[in-house]
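Residue numbering begins at 1 within each chain, and the chains themselves are lettered A, B, C, D, E and F in the order written.
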Amino acid sequence: MTPTRRRRLLIVLSIIVGAGLATTLVVFALKENMLFFYRPAEVAQGLAPVDTAFRMGGMVVDGSVVRADDSLAVQFDLTDYQETITVQYEGILPDLFREGQGIIAQGKLSTQGVERPVFEASEVLAKHDETYMPPEVADALEQSKAARGETTP
Amino acid sequence: MTCALIEAIQIEHERNGLPIYQAVSFRIEAGQALLIEGGNGVGKTTLLRQLAGILPTRSGRVLFDGSELDEQLANARSQLLYLGHRLGITDDLSCQENARLWQKLWGRQANQDIVRSLQSVGLMGYEQSRAADLSAGQRKRLALSRLLLCPARLWLLDEPYSNLDADGLALVNRMLASYLERGGAAILTSHGTFDPGLRGVQRLVMRAA
Amino acid sequence: MTCALIEAIQIEHERNGLPIYQAVSFRIEAGQALLIEGGNGVGKTTLLRQLAGILPTRSGRVLFDGSELDEQLANARSQLLYLGHRLGITDDLSCQENARLWQKLWGRQANQDIVRSLQSVGLMGYEQSRAADLSAGQRKRLALSRLLLCPARLWLLDEPYSNLDADGLALVNRMLASYLERGGAAILTSHGTFDPGLRGVQRLVMRAA
Amino acid sequence: MANKQKKNPIVLFIHKTGSPEYFYKLSGRFLPWLIAITTILTAWGLYQALYVVPPDYQQSESYRILFIHVPSAWMSMFIYAAMAVMAFIALVWRIKVAEICAMASAPIGAAFTFITLCTGALWGKPMWGAYWVWDARMTSELVLLFIYLGIIALYRSIDDRRAAARVASIMALVGLVNLPIIHYSVEWWTTLHQGQTIRLTGPSSIDASMLPPLIIMAVATKTYFIAAMLANARNMLIEQDRNKSWVRRLIGDAP
Amino acid sequence: MRAGSAQVLMAMIWRDLRLAMRRRGQLAHPLLFLTLITVLFPLALGPDPKQLGAIAVGIIWVGALVAVTMTLSDLYRSDRDDGWLEQLMVSGHPMVLVAIGRSFSHWLTTGLPLLLLTPLFASFLNMPEQLLSTLLLSLLLGTPTLSLIGNIVAALTVGIGRSGFLVGLLVLPLYVPVLLFAAGAVNAQAGGLSPDAHLLMLAAIATLAATLTPWATAAALRTSLSSN
Amino acid sequence: MRAGSAQVLMAMIWRDLRLAMRRRGQLAHPLLFLTLITVLFPLALGPDPKQLGAIAVGIIWVGALVAVTMTLSDLYRSDRDDGWLEQLMVSGHPMVLVAIGRSFSHWLTTGLPLLLLTPLFASFLNMPEQLLSTLLLSLLLGTPTLSLIGNIVAALTVGIGRSGFLVGLLVLPLYVPVLLFAAGAVNAQAGGLSPDAHLLMLAAIATLAATLTPWATAAALRTSLSSN
C-alpha cells in the first residue's frame, strides 16, 4: 500500500468508526424519555416534579368544563383514559379547545389544601392530530364506527 | 530668520532604560532635506516617530521654529506630514475617498485636485478601486499622493522609496525636488540603495548605542 | 533529466473575470534563478502566490517535476519555501523560538543550527528578543533565516531585498549564490533597483493585461 | 488528456451544462415557460384552496392556511437540500455555474423559511393558543432561517465572487445536519406541532378532496423556485463574466 | 488653511458611517447577536412563558451590554493597524474630536438599531406589554452611555493584540451602574412603582458621561499610541 | 527529512499553548467573561435566590456559549495577518493537522478552564447542589463540540476583517443542539428525570463533531486563504 492509500484508508476507517459510534449513542438516547411531558396517569402516580413547571397532555373530559361567570377562569378535567387530573386556568383558550379534544397544558402542580393534586396551568395549548377531512366525512366516519361499536379516540 | 525650521540637539531614545541609538543633532531650514542613513535596526524609524511627536523624547531637545516641540505639539503637528511604515490608508475606502478625507483633515493644497494628484502618482484608472486591492507599490503611491494634496512645511518620510519601481523612485525625487524648491523641508530615511541626487541634502548616519 | 524543475506554460490569473497580467511562460531547472520584474501592480506577487499554490491557476499549466502542479500540490509544496510580503513570523515568540518552530515543520537542513543561522543573517544578540520588537529590516532578516534552516529545492521570494540595508542586500546575494551552486532553484521579484549580479539568472518582465 | 475522454456521463453532463454560455442560453429558453406555469398554477391553487375545497371537521375555515404553510415548509427544506447538492458539485468539480446556482438559491430558501415561520405562527395562535412555542420543530426551522442568513452574509462579505461562493458552499454543507432534525423532530420528541400528514408512501391522513390545491401549490412553489433561481443565477453570471467574450458577444448581438 | 473643528468632526463621522455601510452587514451585527441571545435563553431555560417574561428585561439588557461590548475590541483596532490613528495624532487636530466622533458613530450603528428592534425582542420573550415604554426609555438613556464609556476602554486597549476579553473585563464593571438603574427602572415599573427616579439617574449618568468621557478617551488614545 | 504528522501536530499545539501563556491573561479571558455574566444577571434581575437558582444553568451555559463564541473571531486571525497560515498552507503538511491541533488547543484554553471553575459560578448563582455533577458532565461532553464547530466557522471567516458578529451569526445556530441537550440534561435532573438520554446525545454529537469537523475546517482554511 502506498502512503497516500494508507492515509486514505485510515481516514475512511476513522470516519466510519466515528459515525458508527455516534449512531449507537443516538439509538440509546432515543430510547429514553427526554421531555418534561407527563400523562395524567404519571402525575397521579407522583412521577411528576412538584416545584418545576412541566407539560401535561391528555383529553378534556366530556362535561367537565366549568367556566367562571365574571372572569376568564376555567376549570376542567384532563384524562389519558387511566387517570384524571383537574386543571385550573385563567386566560383565553384556543379555538380548538373543546370537550373531547387533545390539549397540552403548561404549568405547575399545586398540592396545597387538596388531597388530590390540582394542575395550575399558565398556558393551555390545543394539540390536534394530523388528520384533515371535511365535516361530512368525519360524520360518516363517526357513524360507521358507531355502527361497528367503536368509540372515537 | 535666524532660527531653523526644526533643530534637534543631542536627542536620544531609550526603551526600558536602554538607549537605542547614539545621540544625534541636526538643524534644517526651509528648502533643505536631511537623509537619515544607517543599518537595519539602528533607530531610524524611532527617530522619525520622535520628531512627529508619536514617541516621547526624554533626553535632548527638539526645537520647532525655535521653541520646544513639546510645548507647541499641536501647532508643530499641524505643519508637518508624516509617512511611516504604516501608511494611514483606509482599506475599505476607494483611492479617491481616501484622498478626499485627507484633504478635509489636513487642508487642501492650493491648485490641487484629487484626480490630477492620483494621476501624477501613477494611479490613473484606480480612482475608484478599493485601497485594499492595490499592490504593495500602488499603496505606497497612494500614500505619497497625500504629500501632493495637503500643505505642510515639513515632510517626515520613513523609507519612501521602498516597494516602488524605478518609475516610482523618480517620482519621489521629483516630488522632493519641487517641494524643496517651493520652500519645504524634508527628513527622510533610506538604505542608500538609491541616491536621491538632490541638491542641498544633508546626510546623517545613525549608529546603534 | 529532461523535464524542468518548474515550468509555467501561458499561465494567467483573473480576479472576478478580469485578467491581471499578460500570460507568462518560463522554465527553470535546478541551479537556475528567475528574476521577475515589472512595474508596481503588474502582478508579480500574484504570480508568485500562484506558483506556491496559494492562489488558484485557472488558465494555463504549471508543471512541477514534469507533472501538473494541481495534482501533486502537497508533494510540490513540501519541496519549496515561500517568502511573501507577509513574513510568517510569529510576533510573540522570540527569534529562536520562531526558528525552532520552522525547523520542526519544514525539516532541518543538514549542518544548520539555529544560533549560527541567526548570526549569519545578522541577528546576533537578538536570539531571545521578541520578534515583534524587531525593526523592519531585522524582521526581514529573521524571515530569511528560514531559507538557511530548512531544506528545499525551490525558493519563491517576493521582494527579498526590500527594507534591507546594503549589508543585507549582499547577504541575500550570497545566500542565493551558494544555494544555486548547491543545485537549488529560485524565483524572485525585485524592482531592479538592485542587480543580484548572479550567473545563470533569467529575467522575466511582466506586463499588465 | 486521454483519461479525460473516459469520464462518466454524469460528470460529462455536469461539465456541459456547467459551461456558462450554454447554461445562460438554455435557462433563457426555459425561463418564460416557468414563469407562465408558476403564475397559472399559483392562481389555480389559491382559488382551489380558498373557494373549492371543503372546510376541516375540526379547524373549519382557518385550516386553509395549510395550503401556503405546508408547501413553503417543504420548499424551505427542499431548497436547502438542492443548494447543498449544488454546493457539493461546486466544491468537488469546481464548476462556476453550480457555485452560482447554489448562491442564487439561498435567498429564495430564506424567503420560504420566513413564510413558513410566519404562516405557522399565524396559524398557531387560533389553533394552539400561542403564536410561538419553543418546540423542536419550530426551533429547528428558526435555526434553518439563521443558517440561510449566515450563508448569505458570508457570501456577501468576501470580495472575490468565486472564493466567496466556495466558502459559503462549505457552510451550506455543514448546515445540512439541521435538515433531518427538522423533519424527524415531530417523531423524536413530543412536539406541539402535529405529526406527518402527507406521506409519499402509504396512506396520507388528509382527505382526498383536500389534496388537489396542496399538490398544485407544491408544484407551483417548485417551478417558482426554479424560475427565481435561474433568474438570479443569470444575473449573477452576467455580472461575474461581464468581461468574458461570450457576454460581449451576447451584448453585441442584442439589437 | 486647516479645517475647523466642526468640519473635522463631520469628516470623521462621515468616514465611520461610510465604512459601516461598506463592511456590509456590520450594522446588522449587534442586532443579530441580541436576536441570537433572545433565542438561546428560552432554549436553555425550557419554555415556561411566565418565567421567561419575568427575566425578559434582564436578558435584553445583559444582551445589549454584551453586544455593545463585543463591538469594542474592533472599534479602534483597524484604525490603528493601518496607521490612521497615528496620522490623526500627527495631524494636530485635538484627539477629543476623534473621541466624540467615534462615540457618536458607534451609538448610531449599535445602540440605535438595538433600540429600534427591542419591541420585537420583548414580545418574543413574553415581556408584559406595559413595561415596553419604560424599557425603551431606559435604552434610549442608557445606550449612549455604553458607547461613551466603551470608547474609553477601546482606546486604552488599542495597543494590545487579541484584546477581546480584556476589553470585556475592563468595561463591564463600568457598565454596572447603567445596568442597575436601567433594569431597576423596568423592575420598579413591573412592581407597580414609579420608574422615574431610576430614569433620572440614567439621564444624569449619560450627561456626565457625555461631558467627561471624550477627554478620557482622547488621553487614552494618545497614551496607547505613544507606547510603541 | 520532513517531520511526521504526529510531530507536526505536537509542534503546532506547543506553539498555541506557548502563545496563550505569552499573551498574558488570554487564558483567563473566557473565565472572566463568564464571571462577569454571572455577576451581571443577578444585578439585572434583582437577587431572588429561588428565581436565580432556577435559571442558573441557563446563565452558565449561555454564558459559556457566548464566551467561546467571542474567542472565535481571533482564533485564526493573527495567524493569517502575520502570514503564518499561508506558510502552513505552503508547507505541504495536511491542513487537517492544523485544524485538529487548533481545535485541541482551543479547548484546552477555553473549555477546560470553564469546566474547572463552574462549581464556583454554580454556587454563586444558588444552583441546587445535586445538579452540579450533571452540569459538569454536560460541560465535559459539550465544550469540545463547541471548540470543534467553532473552528469551522473561524476558518470560514478568516479572510474577513471585523468578522466578530458574522462569526456569531454562523456559529450560534450550530451550537443550538448542544445547548438544548446540555441544558436539557440538567433540567431533566432538576425535574426528577434521568439526564442520561440528553448526555448520550451530547456524546453522540461530540463523536460526530470530532470525526467530521476537522475536514470541514481544513477545507474552509484552504478556501479562505486562496480568496485573496
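The definition used in the following text is that contacts are C-beta pairs under 8 Å (C-beta built on N, C-alpha and C of every residue); 3 or more make two chains touch, one makes a residue touch a chain.
The model shown is predicted, which means the values in this text are computed figures rather than measured ones.
Counted as hops between touching chains, the shortest connection from subunit C to subunit D is 1.
Common neighbours of subunit A and subunit F, by the contact definition above: D, E. Taking A-D and D-F together, the chain pair joined by more C-beta contacts is A-D.
Chain centres here are means of the Cα atoms, and by that rule the chain farthest away from subunit B is A.
Chain-level centrality, scored on Cα centres against the all-protein Cα centre, points to F. Per-chain Cα centroids separate subunit E from subunit F by 25 Å. Once the centre of each chain is set as its mean CA position, subunit A and subunit B turn out to be 75 Å apart. Inter-chain centre distance (subunit C to subunit E, centres taken as mean C-alpha positions): 46 Å. One simple way to say how far apart two chains are is to compare their mean CA positions; for subunit A and subunit C this gives 67 Å.
Taken residue by residue, subunit C touches two or more other chains at 85, 91, whereas all remaining positions touch fewer. In subunit E, the residues that reach two or more other chains under the touch definition are 23, 25, 32, 36, 39, 43, 46-47, 49, 51, 78, 161. Contact of a single residue of subunit A with at least two other chains is seen at positions 30, 34, 36, 123. Contact residues of subunit D toward subunit E in the complex are 130, 132-135, 139, 142, 146, 149, 153, 156-157.
By the touch rule above, subunit E contacts subunit A in their complex via residues 46-51. Residues 14-15, 17-19, 21-26, 28-34, 36, 47-49, 52, 54 of subunit A are the ones that touch subunit F when the two sit in their complex. In the complex of the two chains, the subunit D residues touching subunit C come out as 159-162, 240-244.
Residues 36, 53, 106, 122-123 of subunit A are the ones touching subunit E in the complex.
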